[in-house]
Amino acid sequence: MTKEWRPRIVAFFCNWCTYTAADLAGVSRMKYASNVRVIRLMCSGRVDPQFVLDALTRGADGVLIGGCHPGDCHYAEGNYKMLRRFQLLKRLLRDMGIEEERVRLEWISAAEGDKVKAVINEMTDQLLKVGPLGLPQRFEEWDKEVTRLEEEIRGGDAAGAGCACAAKLQKPAAASKSEVAHV
Amino acid sequence: MEMTRTIKYEADRVKGFGEEVMSVPGCEKLKDCIQCGTCSGVCPLSIYMDFTPRQVIEMTRFDFKNEVLGSKTIWLCASCYACSVECPQQIGITDIMYELKQRAIKEKVYPRGLPTPVLAQEFTKMVHDYGRVNEILLATKMYMKTNPLAAMGMSTLGLGMIKTGRFSMIQEKIQGRADLARMLETVDEGK
Amino acid sequence: MKYSYYPGCSLKGQGRAYEESLLPVMRHLGIELEELPDWNCCGATAYMAVDEGKACVAASRNLAIAEKAGLQQVLAPCSACYLVLNKTQHLIHDYPQIKSAVDRAMTSVNLKYSTDIPVRHPLDVLISDVGVDAIKQKVTHPLKGLKVAPYYGCQIVRPYATFDDQFNPTSMDRILEALGATMVQFPLKTKCCGGSLTGTLPEAGLRLSYIILKEAIKRGADVIATVCPLCLFNLDSFHGKIAAKWESARIPTVYFTQLMGLAFGMTAKQMGLQRGLVPMKPLASAPACCAARTAAAAT
Amino acid sequence: MQSTKENIRIGFYVCHCGHNIAAMVDCADVAKYVKGLPNVVLSRDYKYMCSDPGQELIQKDIREYKLNRVVVASCSPLLHEHTFRSATAAGGLNPYYFHMVNIREHDSWVHTDRGEATVKAKALAHAAIDRVAFHKALETKTVKINPDALVVGGGIAGIHAAMTLANAGKKVYLVEREPSIGGHMAKFDKTFPTLDCAACILTPKMSEVGAHPNITLWSYSEVAQVDGYVGNYKVRVKRKPRYISEERCIGCMDCISACVFKEPKFEDEFNEGLGKRKPVYIPFPQATPQIVVIDPNVCLNFKRTKGPDGTPIVSDRCKKTCVEACGDKNAIDFTQKEEIKEIEVGTIIVATGFKTFDSKRVPAYGYGIYKNVYTALEIERLVNASGPTGGEVILREGKNPDGSPKHPKSIGIIHCVGSRDKKTNVWCSRVCCMYSMKLAHLLKEHTGAEVYNFYIDIRAPGKGYEEFYNKLLDEGVHFIRGRVGEVTDWAMTPEEEGKLVIRVEDTLAGYVRRIPVDMVVLSSGLEPQADAQDVRRLFNMSCGTEGFFLERHPKLAPVNTFTDGIFIAGACQGPRDIPDTVAQAGAAAAEALVLIDKGFVEQEPNTAFILDEECSGCKSCIPLCPYSAILYDETRKKAHINEALCKGCGTCVAACPSGSIVQNLFEDEQIFSEIQGVLAYD
């Protein structure tokens, strides 16, 4: 492939503020980087940390979460709930060695089409600097490594004991759910 | 009776001039002008200008380079920044005037007999050579170059300066003259 | 409190009375000023008209020297210096092409420009760091009955004033009121004095000085107080020409620091008041050596 | 994974939207790509999917190809989701088997590279195809609409909206902050361009409101709290004490004449401070309701210091001549306290109006420095026959040599004060050109003065507006195109002595001019109310960047907000004149009537429910719900969601540690498949 690498961003936008702001950016014909894919949720409070981890595991280089400004949530305080969850999620990502720039939470009101544009462009620039995350490839490599290890063990010793850890590496998202979701 | 053609044809424009000016730091917002005339309304010197500041903006935007650079207007700007802070479109009009002055000097197209560009250049030379400026010497030089007669008219003032102990014929010089000159040269090298 | 002091060419030349009054007044208020070693001219309004890049380079040499001197802030009493040094920082900050030009120049002589060191005007320091109350406490000879037209001129408030209102500055008003003086209502406080045009195009330049002078008189001022050596020069030096062209509008113009010194009990001579072409009348409250009459009362 | 028994058959449609999408997205290529995805039975691109033929195409395909899922890639679901769900339903499918992909607002309109935009459209379509397989048949819920309505703000917008609803037989609460309704319009002298007397056309409407059996008018009141949802709002209204019993006061005003203050002494708000009033007063002669107010800040019977909670304390030190004058009516009550009223309404119209720009913010024009600089609203009162001078235009400063009041001989009207200025308000306030011309006409008529208008551009787009401009030109009113630099009081020539001097460039002539005048009028612009942000939060609305309330769609839903059942009308949404305001108020009332007369509203079935067998009873979801919709069943040790209370935010779903809460339309599988889909491209 000769095409230059562009980061993939999955965005979770709340229906009332940020999704509407993105619509406004469209109506106003603002131009921004095309590598963002928006998934509409009713509220940023619906964003399960699993969604973020799942997106990263499936090949996203960054995840953007957009909600209403504090105090402006259509559902009173879903955005605060997201904020609390986000703090924990960030800690988890740090522990996993995933750069901070990759996951971003932004308050964008329905009137701030220009902010949608600015945030997406800024995040794209930052991710271009940070480079690809490539989790699927990394998992593949780990899988290979583990398989090789297993074979080695099976070849050298009789019974293999490495499968549990392989399973865990393959599905970090599922494993982490109970750690982060309960906030 | 001789008639002057005032219509402007496309050929009268120096295409790209406006864009060039707009690319200079501080001059970007030139294109936002709505021609309201606030700049002229607040400019204390607009009453002596051949074109009002607003007209200079419009002429620059539409590439009437020769007319703009040859105007007296840009040399009447005293850099008081009233236009810049009052402009409803926040256009850096003072900076645009500076840019136009620079171009007029570079291309030596400023109106003859105007002392302002002469003063600017003498000033710059003095800074380059000595690092500091002696206002009295500077004024003398400027008058000598532009209007020696006027210099005579200033003798009362000179006398006053001497009497009040503010007159000095000694040119102050900085130690790091060579350094400063070197620094200024790098700007030309970088161009 | 200690600041780097950038006097600028005027304060060493025709505007020396500004320095003569500023230094003792600041010392009296506990402010130490350390003159920048081997500073050069800021470039004023003239350099920007010739070459913006060079103007920034020349001005930034002073900022680099200040950085090297290690003090946290620079005091620039001349309005043009204050504006140019601040403007240079803004340009370096906002435009990469200016920054790289400055960096290149710095490297060529082993200097470094790394931080935007705050460049402040004495009015700012007096109002924000010293405070009106501290000034009031030092007043021994209140300027009772003195009516002052506070004249700020253009370049300290426009376009970068951060310490005062751009359209209606009051910092000097507050300081002078603390000295006991009365301010006349003076809507021309930020109008242009004509700048260097008084010399280059006197018809245009002097008209602006004339308007300021005549309005100060009309509004009942005894004296105009200013913060800029060029403003003072323009308002003080051309009375003959102004009278010939329009009408006589003789009124003394002084640096606000000169008034501060008088109120602190310093003498008119110490404050360099004799350097004005239109002398300021001695004050009833002036210290001993100025008015013998009050000297007796004071002792 | 999805039920294996069901054979998923998806129909996919990509809309060209004319050139809107097709110019930036290769629609045929997208259709081709989707054709190859699992479960896709047919894939088409079509010029206008929202058109009737487009919708019929969906219906026909459902029947012919036995489709059981439909995906349309077109514009924003906020615009056309409803359209396509209806089409899906008309084709015989449950409407929730439909899913929409936004490739216009989120794709073709915001990108510049056709290749990239097409790739993005494919990815978004892929996500929808993956997602829709997990869709389930859902039932649309309906909620009843309480037929009573609330109108907030008693200016011309609120008055008109309330009257429209009341005349349709609905019960309306009209809440106004000031002691009288009427708003800004009540202060105007005449209205442009017809020069109708504002009071003559407004006051009949005001008294109708006051007398209407269907309208409960609460003036001097503010909305304090709003709870609930469309059709069922619970509102708390704060009624400020006016120290007069509204029931007993008959508006005779005997108390006012009897007040111990023989002369009016206090700044009269209605007359913009140009006149005076007493501590007991009625804002203006036609005030509605005709009930006096006592101002505790200046009434002698109150202490100067307030109580710890900010309430005024009765001092009882006044002779209370007012109480004596009121006699048997016994309407004065110094002990009156603030009162909270609770009401239930189904719909709310917010018509809280605007505030005028504070002209002191443009110091160059001298307002507050030079006495003869006026705001336009001050001039409205000055030229009004019932204004503080009885309609005589007298200068604030300066007298004739014989000591008589001075009338202006020359007047300068400065347009765009605070408007079209990036330092203050960037927008055009829309009404100033016209009202400036109206004031120019009135001032000229009253004084015969030379009147100058200083304008940037004359904006007269309205019925009869340009004609009005022409009329003024004929009348000899001067128009100078130039934004005024400054207003000063220093003279350079003898004719400038004692005058205000306007310095301006006549941009058409190219001259800088100094024009001496006696009076300067500042045409200040319109701004959002100072508390617009608080009001916005109260009603769960949004504000645009400039601070005016945000409409749901600038073209197609101009009086709707993002909260169902809450509508906006008048200048709270943006600067507008009286005709536009009235039209909008009528529209807002009509939108409310649609809901009321339908009697119910369909709700998105996006509520959450608990999978009983999975719930561990940990209770972590319970405090998260802002609507207290989750209850805990102590006997079964399980949580339970009250569907009627759930608003469908999904916060509990995301937080449930055992994954036992499901949100309809936003199920975990649906979102995971969407994530997978958007990332499935090269």
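Chains here go by letter, A, B, C and D, matching the order in which they are written, and residues are numbered from 1 within each.
Operating definition for what follows: a residue touches a chain if its C-beta (ideal position, glycine included) is under 8 Å from a C-beta of that chain, and two chains touch if they have at least 3 such contacts.
In this text the structure is predicted, and so the values were computed from the model without any measurement.
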State the pair with the higher C-beta contact count; candidates are C-D and B-D. B-D
Taking each chain's centre as the mean position of its Cα atoms, how many Å separate chain A from chain C? 57
Using CA atom averages as chain centres, what separation in Å is found between chain B and chain D? 50
Enumerate the residues of chain D that touch no fewer than two other chains. 364
Touching two or more other chains in chain B are residues 47
Dump the list of chain pairs that touch, please. A-D, B-C, B-D, C-D
List the residues on chain D that touch chain A in their complex, please. 76-78, 102, 104-107, 109-113, 116-117, 119-120, 123-124, 127, 537, 540, 542-545, 550, 554, 562-563, 606, 620, 624, 626-627, 647-651, 653-657, 659, 663, 666, 668, 671-672, 674-676, 678-679, 682
Which stretch or stretches of chain C touch chain B in the complex? 9-10, 12-17, 38-41, 43-54, 57-58, 61, 91, 94-95, 97-98, 100-101, 104-106, 108-109, 111, 154-155, 158-159, 166-167, 191-192, 194-197, 199-201, 203-205, 208, 237-238, 240, 274-277
Which residues of chain D touch chain C in the complex? 363-364, 366, 369, 488-490, 492
Hey, which residues of chain B end up touching chain C in the complex? 24-26, 44-45, 47-48, 75-76, 78-82, 84-85, 94, 98-99, 101-102, 105, 114-117, 119-121, 123-124, 126-127, 131-136, 139, 142, 156-157, 160-161, 164-168, 172, 174-176, 179-180, 182-187, 189-191
Could you list, by residue number, the parts of chain D that touch chain B in their complex? 364, 420-423, 456, 481-486, 503-507, 510-512
